[in-house]
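Next come the structures, one after another.
Across the two complexes that follow, chain A remains constant while its partner is chain B and subsequently chain C.
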Partner chain A sequence: MAEQKGMTLNLKIWRQAGPKEKGEFLKIQAKNIIPDMSFLEMLDVVNEELVRTGKEPVEFDHDCREGICGACSLVINGNPHGPEVATTTCQLHMRKFKDGDSIVIEPFRAKSFPIVKDLVVDRSAFDRIQQAGGFITANTGAAQDANCIPVPKKNADLAFSSATCIGCGACVAACKNASASLFTSAKVAHLALLPQGQAEREERVLKMVAQMDAEGFGGCTNTGACSAACPVEISLENIARMNRDFLAASIKHR
Partner chain B sequence: MADATPKSTGKLDSKAPSGPIEKRWDTHKFQMKLVNPANKRKHTIIVVGTGLAGASAAASLGELGYHVKAFTIHDSPRRAHSIAAQGGINAAKNYANDGDSVYRLFYDTVKGGDFRARESNVYRLAQVSTAIIDHCVALGVPFAREYGGLLDNRSFGGSQVSRTFYARGQTGQQLLLGAYSSMNRQVDRKNVEVYSRREMLDLVLINGVARGITVRNLITGEIESHAGDAVLLCTGGYGNAYFLSTNAMNSNATAAWRCHRRGAYFGNPCFTQIHPTCIPRSGEHQSKLTLMSESLRNDGRVWVPKAKGDKRSPKDIPESERDYYLERIYPSFGNLVPRDVASRQAKFRVDEGRGVGPSGEAVYLDFADAIKRLGQAAVSEKYGNLFDMYEKITDENPYEQPMRMYPAVHYTMGGLWVDYNLMSTIPGLHVLGEANFSDHGANRLGASALMQGLADGYFVIPYTLGNYIASNPLPKVDISHDAFKASREDVSLRLNRLLSVKGNKTVDDIHKQLGKIMWDLVGMSRNEAGLKTAIESIRQLRSQFWSDVRVAGESNFKNSELEKAGRVADFLELGELMATDALERRESCGGHFRDEFQTPDNEAKRDDEHFSHVAAWEYAGSQGDKVTWTRNQEPLNFEYVHPSQRSYK
Partner chain C sequence: MQNVSRKMGWLTSSVGRKQLIGVTGLGLCGFLVAHMAPNMLILFSAEMYNKYSHALISNPLIYAAEVGLLLLFLGHLVFALRLSWMNWRARDTRYAVMSNGPKRTAWAQRSLWAQGLVILVFVILHLITFKYGTHYSVTYDGVEMRDLHKLVVEVFSEPAYVIWYVVALFVLFFHLRHGLGSSLQTLGINHPRYNCAIKVASWAYAVIVVGGFLSQPIYVYLLQRG
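Moving on to the complex of A and B:
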C-alpha cells in the first residue's frame, strides 16, 4: 500500500532523562499521520524520525496495543489515556484528531509513580498493594471440583467487572489526590463478591488499604474522576464496597 | 546439512514412559524422587517469564518451599502477553454432558496437531486439564457462569464438544491475574522474589549444567548475574519474527535463542500458527495485528461473494450470491474447523480474487444470523468487548455489518525441545509454556495454549523439577564463578557491538523487511524455491543489519531501541532456521503447508514414512554472521491415535 499523505500535528512531548533530572517539553511535528493509525503508531512515526535524524527516541511503555495489558499510559491534552472515554491510549485512533491539532503528551504524574524516563513511570507500588493481600490462599492441588461452589450469575458477573481492572494507573493520574482507591477496591471487591474469597475478606481489605497508604497514595474524596478516566470503566461502587468492608473489619480487629 | 534419516544422538531421549497411557503419568510421578520439605528452601530456582507458565510455576514452587527468583521484561508480572488471550481454556470436565472425556481431549489434540506431537505428553495434558479449572476457580478466577451458578462452556475449533471455559473475551487476563495473585501470595510469604524490567540475555552453564542467567536491568542498563539450581524458561513464543503478528510488541525469542546458542535444541521451528480471524492490516504504519477470538466462530458465519471481484457492500449481496465456504466444504465442522484449515481456505478465496474490503485481502465473518436468533443483547454479552475493539480499530460497527477478517501469525508450536520432564537438552534448563515445542504438534487447537501453560506450571514442573533436584548433585555455585563473569562480558560486548554500528537503517526498517520475507515465503504456504530464496535473503539482511543498523541511545539507561535491536538480531537467525526447517520437512502437516505436498482437494498431505518425527535443531556454531545447524530427530510413535488423513468434512 502506498504511503498516504495525512495530517500534521503539533506535539509537545515531555522529555526527562531520568528520575532526578529536570524535564521539559519537546516541540515536534508529526507528519503524514493517517486516521487509521493508533496514537502509539503516531508516536512510532515520530520516534523513527528521531532515530533517523540521530536523536534519541521518546520512551513510553506499551505492549499489547489491544487495551488489555495496562502497560500504556500517557496524559494526552490533560486526560489520562486521551479524550475518548473507556479507551486506552493504544486503542485511541488518530481519526479522533484533526489536521493541525496541538497535542500535549505527558507522563502519568503522581508522587507514588516516580518518572523513570520521558513518559515511562514506575508503577510497582501497584504490585506491592496486590502482594499485601490481593489473593486467595489456595495451594495448587488442594481444590475441590470447580462446580462444588456455585456462584450466582449476578455475583459472578459483578466480580468479573471488578476483576477486569488492567492496572494501568489512570485512576491515580486522574485524581487530584493521586488516590489508588479505585485500583485497590477493584481487587478487594472482586474477591469479596465470591464465596472463595470470604475466609480472608477482612484481613485482605485491612492489609491492602494499609499498603496503599504506606505507598503514599492520597485519600479518596469521592470526586469520581478515577472512574471517569478508567479505560475499562471500573465503577465507583467498588470504592463503596471497599470502604464498607474496611469499616466492618476495622471495628472487629480493633 | 540435513537429511530425513533418523540420527540418534542420545540427547534426544524423550523419557516418555511406556505402559498403558492412562497410567503413565501416575507411574512416573510415583517413580520420581522427592526433595525433603526442609531442604527445598535451600534450592534457588530461577523462573524467567511471568506469563501463565512462569507465574503458575513460580507460585506452585513457592508453595512447596523452594526459593524462587522470577524475572520479567515488563514493569509488572501482570503484563505478560498471556494477559491478551481472549477466547478460553479447554478442560475435559464434560460438564456439558456432550460426550467429552480425557481420552477425547487427548484424541482431538493429537489429531488437531496432525500427528506430530508426543502421545504421552498430550495424554498428561488432557489428564491435568480438569485440575486446572478447579484450581483457578479456587483462586477466584471469575469464569462465565450459567443462571444456576455453575460454570458455562463454549465450543472451539477442531472439536465437537463444548469444553472451553471462558471469562467473556478476557480469559487470559483472568487466568493470568489468578496466577499472578497466587505468585503474589508467595512474594508476601517471602518464597518468591520478583525482578521486573530485567531481560535475560544469556544462560550460564557450569560443567554443562544450567546454573544461572545474565540479565540486563532495563532501567539502569546494569548487567546482572543470578545463580540457581535450575532455570525455568517461560518466555513465550516467537511469532514476532514476522514483525506483524497478534503477539504483544515486546514478545520475543531472545531468551530461548540465547539458550539455543548455548546448546538447547530447537524443536520444529517451522511450526507456526496463522490464526484465521484477525483484523486486516490497514497500511504501512501497522505495528501489530489484532486477533478476534476463535470463539466468534461459534456464532459468526464466514463467507465471500460467489463472484470474483464483487465490490458491492455486503448488505447488497443477496444470500444466493454468497459462498459460506467453510460450511460448504466441511459440513460436519462447518465454521469450527481447526485454525490451519480455516486460514488456508481464507487464503485460497483471496487468491481466487474473491476477497473483500478495500485491499481485497479479507473475508467476512457475519453475525447477522446470530443477532436474529439470539438478539443483540445476548451476542453482546458473549462478545461485547471484542465487538468494541473491532469498532475502535476499524471504525465499523460489527452489529450492523460483517467483520472483515484475514489470517495473521498468532502462535508458535515450535520451541525449545523438551523431554517428558520439560527439560531441554541442557541439564537443568527446563522450558514451559509457549517457549517449548511441546504438545501441539503441527497445529494447536484453540484454547489449548492457556491449558498447556498452566499444566506445565501448576501440575507438571512441581513434580519433575523435584526429581531433577533430588537426583543430581548440585554443588553450590555463586555469581563469583568465572562462568558468570565470562557471560557478562559476552553480553556487554554484544550490546556495544549493536550500538557501535551507527548505520542508516532503523531497527524497525530491518524488522519489517524480515517480516515481509517470512510472511511471503515462510507463511501460510511454502515451497522449495521460495524457502531457498528466503534463506538467502535472510542471510543478506542479517549482514545488512550488522553493517547498517542504527541503534540510538546508550547502554547504561532505559533504551528500548537497544532492547528491540537485540531481539531483532536474534529473529534474524531464528528466521533462517525456521525457513531451513520448513525446507527440510518435505511434507505438509498442520500449519506447515508445502505447495508440493497436498491432497487432490488441497488439504495438507503428510508423509508419515519419512517425517513422523520431531526435528530438533542443534546449533553447530557460527563464523562471522554465518550460522550452521545440525538436524536431529526424535521419532514419534502412535500407539493410541492412529495417524490418518485428518478430515473435518
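Moving on to the complex of A and C:
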C-alpha cells in the first residue's frame, strides 16, 4: 500500500486528573492523521504516541463508534460533537479539517455533568431523570400482534423521532444554561405520544421535571442551541410538548 | 445525587417559573400596545394628547391598573432574575472556545437577561422623567389639567435623551422579538402549522410597537423642538 501523507493538527486538549483537580490544556501535535479517520481514531493515534513516550493517555468516552450509543462526547472548537450538524464525534471524520488546523478539545461542561477525568464526564444525572419516570410500569409481556393497539401513523412517527434521542448530553453541553430540557422532553414526549404511555403520563412529566431540577440543570430559554447541537436533531417541539404536559399535569394531578 | 422521587409544584419548578415569566411577559406585551397606541396622539395635537392623558389618570380604575402592572412587571423581573441566576450556576466552568458555525446561537437570544436589565433602567428613568417629572398646567374648555405635552417636548428636545431613548427601544425590539415566540413555546405552543405565523407575528409585533414608540421622540425632536 502506498504511503498516505497524513495531516498534522495542532491540538489543545483539556486534561484534568480528577473531579476536584484543576484542569489545563495540553498542547500537542497529532501527526500523520489520515482524512478517513474518525475524530476518535485521531485521538487513538495521539494516545498511542503518548503511551509510546511513557505519558498517560488522554481519557475520553466512546463505545459503539457508529453513532448510535451516545457514549462519545467532546466539545470541539466550541461545538458539542464538532462542527458538523447531526453528527456524533465518532462519526465526525478528519476530512472535515485541514492540514495545520488548530483544534481545541474540551469536555462537556455542566455542573450536573462533573468531570471524572480529562474529557470524561459523569452523565448519570440523565439515568436518574430516566429512572424518575421514563418507563411504563405495567408488565407489557411479549410483543403483541400488529395493530392490536391502534397507533396513528403520525403519532408513531413523532414518538419514534423523540425516541431516537441517544442521551449523549450534547444538548446540555450546548445550552448556555446547561439545561437538560431537550433530553427530558424527548423522553417525556416519546411515551406521551403512545397509548401505552397514557396511564402514567401526568406523573411521568411531574417526576422527570422534578428530577431534572434536582440535578441542578439550568432552565430553558429557547435559544435552540440544544437542537442545533443534537446529533439526532431532536426538535424543540418536544420541549413545548413537555411544557404543556407539565402545565396540564400541574393543574390536574391529585 | 439520589432520585428525588416526588412530583413537582408548579411554581417551584423551572418549567413553571418559566411559564410565569412567559405569562407576565405576554401581559406586559399587551400593556405596551395600550401605552404606545394612544401616545401616537402626540403626532396630531397637544390638546388631544393632554386630554387623553387627563382622562387616563383621572379615572379611579387607574390605581388598580397600576397595581396590576406593577405585579406583572415585578413577577416577570424577579422570576427571570432568579432563573438567570440558576442558569448561570448550572455551569461552573466555562468553555475556552465559543461555539461557531451552524451550532452557534444568536447574540440577541443569549442576552435576554441583559436586555431585561437595560429595559429596567429605562423604565425607572422613564417614570422619573415623565410620571414624576415637572408638573405644567394647561386649561382646555375650563378644565385644568397636566400639560404633559409641554414636558414631553422639553425632554425630547435634548439630543442625549433622544439617543438613549432610541438605544433602549432597540434593546426592547430584540427582547420583544424573541420574547413573544419564546413565551408561547414555554406555554407549550409549537406546531408546524402555526410556527411560521408565530414567527411573523413576533416580528410584526416588535416592529409595530417599537416603531410606534420610536416615531414619538423623533417626531418631537425634528418638528416640535422649540
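Just so it is clear, the second predicted complex is superposed on the first by the 243 of 254 C-alpha atoms of A that agree within 3 Å, B and C clash if a C-alpha of one lies under 4 Å from a C-alpha of the other, contacts with A are read in each partner's own complex, and residues count from 1 in each chain.
We take it that contacts are C-beta pairs under 8 Å (C-beta built on N, C-alpha and C of every residue); 3 or more make two chains touch, one makes a residue touch a chain.
Computed from a predicted structure; not experimentally measured.
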item	value
Overlay on chain A: chain C relative to chain B, clash or fit	fit
Which superposed partner A:64 touches (first chain B, second chain C, both, neither)	first
Partner chain in contact with A:183 - chain B first, chain C second, else both or neither	neither
Which superposed partner A:104 touches (first chain B, second chain C, both, neither)	second
Partner, of chain C and chain B, that touches more residues belonging to chain A	B
Which superposed partner A:164 touches (first chain B, second chain C, both, neither)	first
First (chain B), second (chain C), both or neither touched by A:39	neither
Vertex chain A; arms to chain B and chain C (CA centroids, nearest 10 degrees)	160
First, second, both or neither for A:215, with chain B first and chain C second	second
Which superposed partner A:244 touches (first chain B, second chain C, both, neither)	second
Minimum distance between Cα atoms of chain B and chain C in the superposition (Å)	8
Touching both chain B and chain C, residues of chain A	124, 131-132
In the complex, chain A residues that touch chain B	1, 3-4, 17-18, 34, 36-38, 40-41, 44-45, 48, 50-52, 54-57, 59, 61-71, 87, 91, 93, 95, 116-117, 120, 122-124, 126-127, 130-147, 149-153, 156-157, 159-160, 163-164, 166-167, 190-191, 194, 196-197
Chain C residues touching chain A - in the complex, by the definition given at the top	1-10, 13-19, 83, 86-106, 109-110, 112, 178, 181-182, 185-192
Residues on chain B engaged by chain A in the complex (per definition of touch)	56, 59-60, 63, 74-79, 81, 83-84, 93, 95, 131, 133-140, 142-151, 167-168, 170, 173-174, 177, 180-182, 184-185, 187-188, 194, 196, 219, 248-250, 282-288, 290, 359, 389, 392-393, 395, 458-459, 462, 506, 508, 550, 552-553, 557-561
In the complex, chain A residues that touch chain C	12, 23, 25, 75, 77-80, 83, 85, 104, 106, 109-112, 124-125, 128, 131-132, 174, 176-179, 203, 206-207, 209-225, 228-229, 236-237, 239-247, 250-251, 253
